[in-house]
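What follows is a group of structures, each given as structure tokens.
The same chain A turns up in both complexes below, where it pairs with chain B and then with chain C.
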Partner chain A sequence: MSCGVPGMEDAGCLFLFGYNPSASHPIVSRRIVKAKEKGAKIIVADPRVIETARIADIYLPLKNGSNIAFLNAFANVIVTEGLVDEEFVKEHTLGFDEWWDTIKEYTPENTQEITGVDPQLLREAARMYATAEPSSILCWGMGVCQHLQNVEAVHACAAIACVSGQIGKPNSGVAPVRGQNNVQGACDMGALPNYFPGYQKVTDPDIRQKFADHWNVPVEALSDHVGYKVSDLPRLIEEGKIRAFYNFGEDPVQTEPDVPHLTKMLEKLDLFVCQDIFMTQTAAMADVVLPATSWGEHEGVFTACDRTFQYFSQAVPPKGECKHDWQIFSELAERMGYDMHWENAQQIWDEECRALWPAAYGATYEKMAGTGHAQWPIPTLDHPGTPDLFLGGKFTTPEGKAHLVAHDYRDPTEMPDEEFPLILCTVREVGHYSCRSMTGNCKVLALLADEPGELRIHPDDAKERGIRDGELVRAWSRRGETMSRAVIDERVNAGTVYMTYQWWIGKCNNLTLHHVDDRSRTPEDKFSACQVEALPDQKWAERHLQELYSQLKEDLAETAAAQHVEPTCGGTE
Partner chain B sequence: MEKHMAVCPYCGAGCKLNLLVENDQIVGSEGLDGLTNQGELCLKGMCGYDFVNDTKILTPRLYHPMLRREKGGKLERVTWDEALDFTASKLMEIKEKYGPDAIMTTGSSRGTGNESNLAMQRFTRACLGTNNIDNCART
Partner chain C sequence: MNTFIAIEPDRCIGCGTCQAACSEGHRKAGLQAEPRLALTFTPQVTAAVTCHQCEGAPCLAVCPVDAITRTDVAIVVDEQTCIGCKLCAVVCPFGAIHPSGTSTAGVAGLSFPTPTQPRGVSPLLAWSIGVYTCAVKCDLCSTYDPEGGPHCVRACPTNALYVRDVTALTGIRKEKMRAAAAANQIMMNRSTNLRRP
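Our next item is the complex of A and B:
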């Protein structure tokens, strides 16, 4: 995010594009309500009438998969209606003419068939966004990222912010609001195939030398090329390129697309290690299961979605023989002949992050004590931290200017057809999180929502299929099938059904298409073709659901129970 | 009752909270005046703490290392020494035979924290010798 979460309430306009904060970030949503109370204009573009649409000044119900056509038309209005911040464009951007060559072809009128949006309404929204004082923020979520043209849409959003001068000042710019609690942190810390900690490129020889020196290895020992992305794992296993997979604190068998294929591929690995706190569906498949301490049983630092580092403490002792994740890596490295030893989390933070990433140097544990925080960039000990990036239009490109890039619209990969006439869009659950291993084990949250989750369907699509509200249905695609509970909902658009990805029996990822874009390799989870049918015998269906759910829980409990049978021999020595 | 300061492990908002602890069990949470949440918590922040206590509602916690000695066999409990020796020797064998790029690891975007991600990426890069590390940012 180029701005901070608290600053959202001081913007003049918040434009939510493919972002449903009341489900994914309720406490961020609270800032949006506050902004509205303070007089900000709210624009929502989403195929569903999400909660925020109810308080929006303008709600734009765009069709699924039409993002680029919509954003290009939005940008077109900014130019053709004279709303460009000419000075900002001249001083702080590059490539306007080439950008305009593409954008000029897209008008609200000639894209209406693709977007489904009333041209006048789109024009009004573009005016509202571009002219808002003192600033506008363009917020997005997975509704941008999990489409075929995801990186293209991010380029489009950034260009819109630049040409309208709605970036480079306080409480403005672009706000891709990160989902998982520490996805910003995992990226910050170099759990990415192209970056060391602090977004320092693995392909830069000077950077490699710096890390090699710090880590006491010859520079040749560090790989000089970008690694693979986890979304390509099934293909890489199939091609024989990946032989060993060490899965740490993730549950791909629940969260990745096309689970039926992924599961088959994971079985082919020579070595599959899983380090987790629960016997997840993924852990149950592993060759080695390593038990780690949970949140609450260790201390550390998270990075919030707006680049804010915050410290969290240990509340209770570890269970059983659980070790901290970093201790396990350290002990493994030692066995492989590499010394990587620390006494505690703070030492890792100081030596592996602050010492190697100049923009994080000022983020000390002391500064983060209690309710303290440190928002990067924070390069010195007395630096206050940086809520707003790019102030004064200073960008991080070699020229210090923003590059305007435009792209033409393409149809999503798997368009609906006669056999699979509905679009499946996977979304988030307010009371459950990620793969649900944590929230599904919380008493209150498990009571509030349980298997098989819901499939939200428009009344017309339900009627056509003889589906009644609250009944169990079968949903399937070219990949696989699942069972879910239909909720007839006039707030969702006809032609698309919505499922949350938290359910282990009602698993929407049995259906999702595994197609990734060329740049970011992000799966197109928001757009797969599917079909849904009513289940005629509801009594059987309810019983079958309970059987499947009980069986799954029993299987996992039985697999986990083996850990309480003490080993008969010691180590392999 | 003890109170321990934490940051909510669910979404990216970064809400500060206190975990309320009795007899080594987490029994409640209360919002703190953090930068983002200003004392407020959502449904998950208020009710999402007891998974740590191993409620076994959905699936049990892991307490001990486990190993599947052969493909198709069952997971059985082993000592840490055996689990780590096995993993280390298998990783070295695969690295030797197919090169470091035949190994892939992940960071974790969840409750583990930044320090563990720093340790995992150093292990992947400096010890295994590959940049094949990624996290669930795409899903």
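Our next item is the complex of A and C:
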């Protein structure tokens, strides 16, 4: 994010595009409610009437998968209606003319068939966004990132912010709100195939030398090319390029698309190591399970989506054989012949993160003590942190200017047809976190939402199929099938059904398409074709559901039992 | 004068934190874990709906076993006395009462629940083998945490829930009367922008 989350309250306009904060980030949603009460204009573009759409000044119900057509038309309005910040474009951007060559072809009128959005409403929204004082923020979420044209849409969003001059000043710019807790931190720490910690490129020889010197290894020991991405795993196993997989804190058998295929591929591995805090379905498949500690059992630093470092402390001691992630890694390294030794998490923070990443040097434990925080870039010890990036239009490209890039619209990969007439879009719900391994055992949360999850369907689509509210249904696609509970919902658009991805029995990823884009290799989770039918014997279905769920829980508990050892501390003697 | 919980729908984000807090509080006190608030969604409105603690509470009037009583704070159900007849749920004008029971799964030799009907069935008609139900309704948390006040209100992340008591309502009434007075001015073709000298 180019702005801070608290600063969202003080923007003049918030434009939410493919982002449902009430489900994915209630804390951000709270800021949006406050912004509205402080007088901010709210624009929402989403196929569903999301919570924020109810309080929006303009709600644009666009069709699923039409992002690029919509954004190009939005940009077109900014130019044709004279809303461009000419000075900002001249001083701080490159490539306006080539960008306009593409954008000029997309008008609100000629894209209406693709986007389904009323041209007049789109024009009003573009005017509202571009002219808002003191600033506008363009927020997006997985509704941008999990489409075929995801990187393209990010380019489009960034260009819209630049040409309208809604970036480079306080509380403005672009807010891609990260999907999960500390996913920003994982990227910060180099859990990416192309970066060392702190976004320092593995392909840069000077950077490699710096890390080699610090880690006391020959520079040749550090890979000089970009590695694989997790979404390529099944393909690479199939091609025989990957034979061992070390899975750390993920449940891909739940969260990756086309699970039936992925499962088959994981079975082919020679070695499968899984490091997790619970016996997930993925961990149950592993050859070796390394039990790690949960967030309550260790200390560390999380990075929020707006680059804010926050310290969290250990609440309870680890149980049984569990070890901290960093202990497991250093013990493995030592067995592999490299001396990796730390005393505690703070030492890693100071010696590995702050020492090697100049932008984080000022983020000391002292600053983060209590409820303190530090927001990077924070390069020196007396630096206050940086809520707003690119102030004064200073960008981080070699030229210091923003590159405007435009792309043409393409249809999503798997369009609905006669056999699979419904679009399946995977979304989030507020009660359960990510793959549910952490929240699934919580009684209160299970009371509010439990297996097999929900399939949200428009009343017309439900009526056509004889599906009644609350009934169990069968959903299937070219990949596989699943059982879910239909919720007839007037807030969703006809022709699309929405499922959340954390249910074990109602696993929507049995249906999703595994198609990734060329640049980011992100799966197209928001768009695949499926069909839904009513289940004739509801009583049987309800019992069958309970049997399946109980059996799965029992199997996982049994697999986990092998690891169970009594805690060595305590005792009465 | 009775006290009840009200909601500002424009602040509600439908997150269910109120339900979680309600459930957790009552469960820990040994009461039914079922949330006393229901989230209701229409295309225009999202709101948690719960008991209004009616002055002439119909639920209290119809209870055949006097399981529902009026305390100084709220209208409360004694879960032990309730026979699960559902009369109160039928007469409630806000749909704020429904029956709930504790599943026998895991205690009666059954390892998992055995549903006896589709989940879509109204909670008024639903039943399960061996499950004894009783009415649950909002007690403003007065039966187990009178000092702490309603747990849902303090849990709400957007401050959408309010305790409406005599003070708050008197204030609102004054506001309404002021607005009515202003409307009279307009009806009489007079300016409402009169400034104090």
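By definition in this document, the second predicted complex is superposed on the first by the 563 of 573 C-alpha atoms of A that agree within 3 Å, B and C clash if a C-alpha of one lies under 4 Å from a C-alpha of the other, contacts with A are read in each partner's own complex, and residues count from 1 in each chain.
One rule holds for everything that comes next: a contact is a pair of C-beta atoms (placed from the backbone, for glycine too) under 8 Å apart; a residue touches a chain by one contact, two chains touch by 3 or more.
Keep in mind the model is a prediction, meaning the values are calculated, not measured.
Of the two partner chains, chain C is the only one touched by A:54; chain B is not. Shared-chain residue A:490: touches chain C; no touch with chain B. In the superposed pair of complexes, A:543 makes contact with chain C only, with no contact to chain B.
Of the two partner chains, chain B is the only one that A:525 touches; chain C does not reach it. Taking chain B and chain C in turn and counting the residues of chain A each one touches, the greater count comes from B. When the two structures are aligned on the shared chain, A:430 is found in touch with chain B and with chain C. Contact with chain C, but none with chain B, is seen for A:33 once the two complexes are overlaid on the shared chain.
Using the contact criterion defined above for the overlaid structures, shared-chain residue A:413 touches neither chain B nor chain C, since it reaches no partner.
Shared-chain residue A:316: touches chain B; no touch with chain C. In the superposed model, A:471 lies in contact with chain C only, and not with chain B. Residues 26-27, 30, 430-431, 443-445, 448 of chain A contact both chain B in one complex and chain C in the other. Residues of chain C that touch chain A in their complex: 9-17, 19-20, 23-24, 27, 33-35, 41-46, 111-120, 157-158. Residues of chain B that touch chain A in their complex: 2, 4-16, 19, 21, 24-26, 32-37, 40-45, 47-52, 54-68, 71, 74-88, 90-92, 94, 97-98, 100-123, 125-127, 129-139. Within the complex formed with chain C, the residues of chain A that make contact are 21-22, 26-27, 29-30, 33, 36, 49, 51-52, 54-55, 430-431, 443-445, 447-448, 468-472, 485, 489-491, 538-539, 541-543, 546-547, 549-550, 554.
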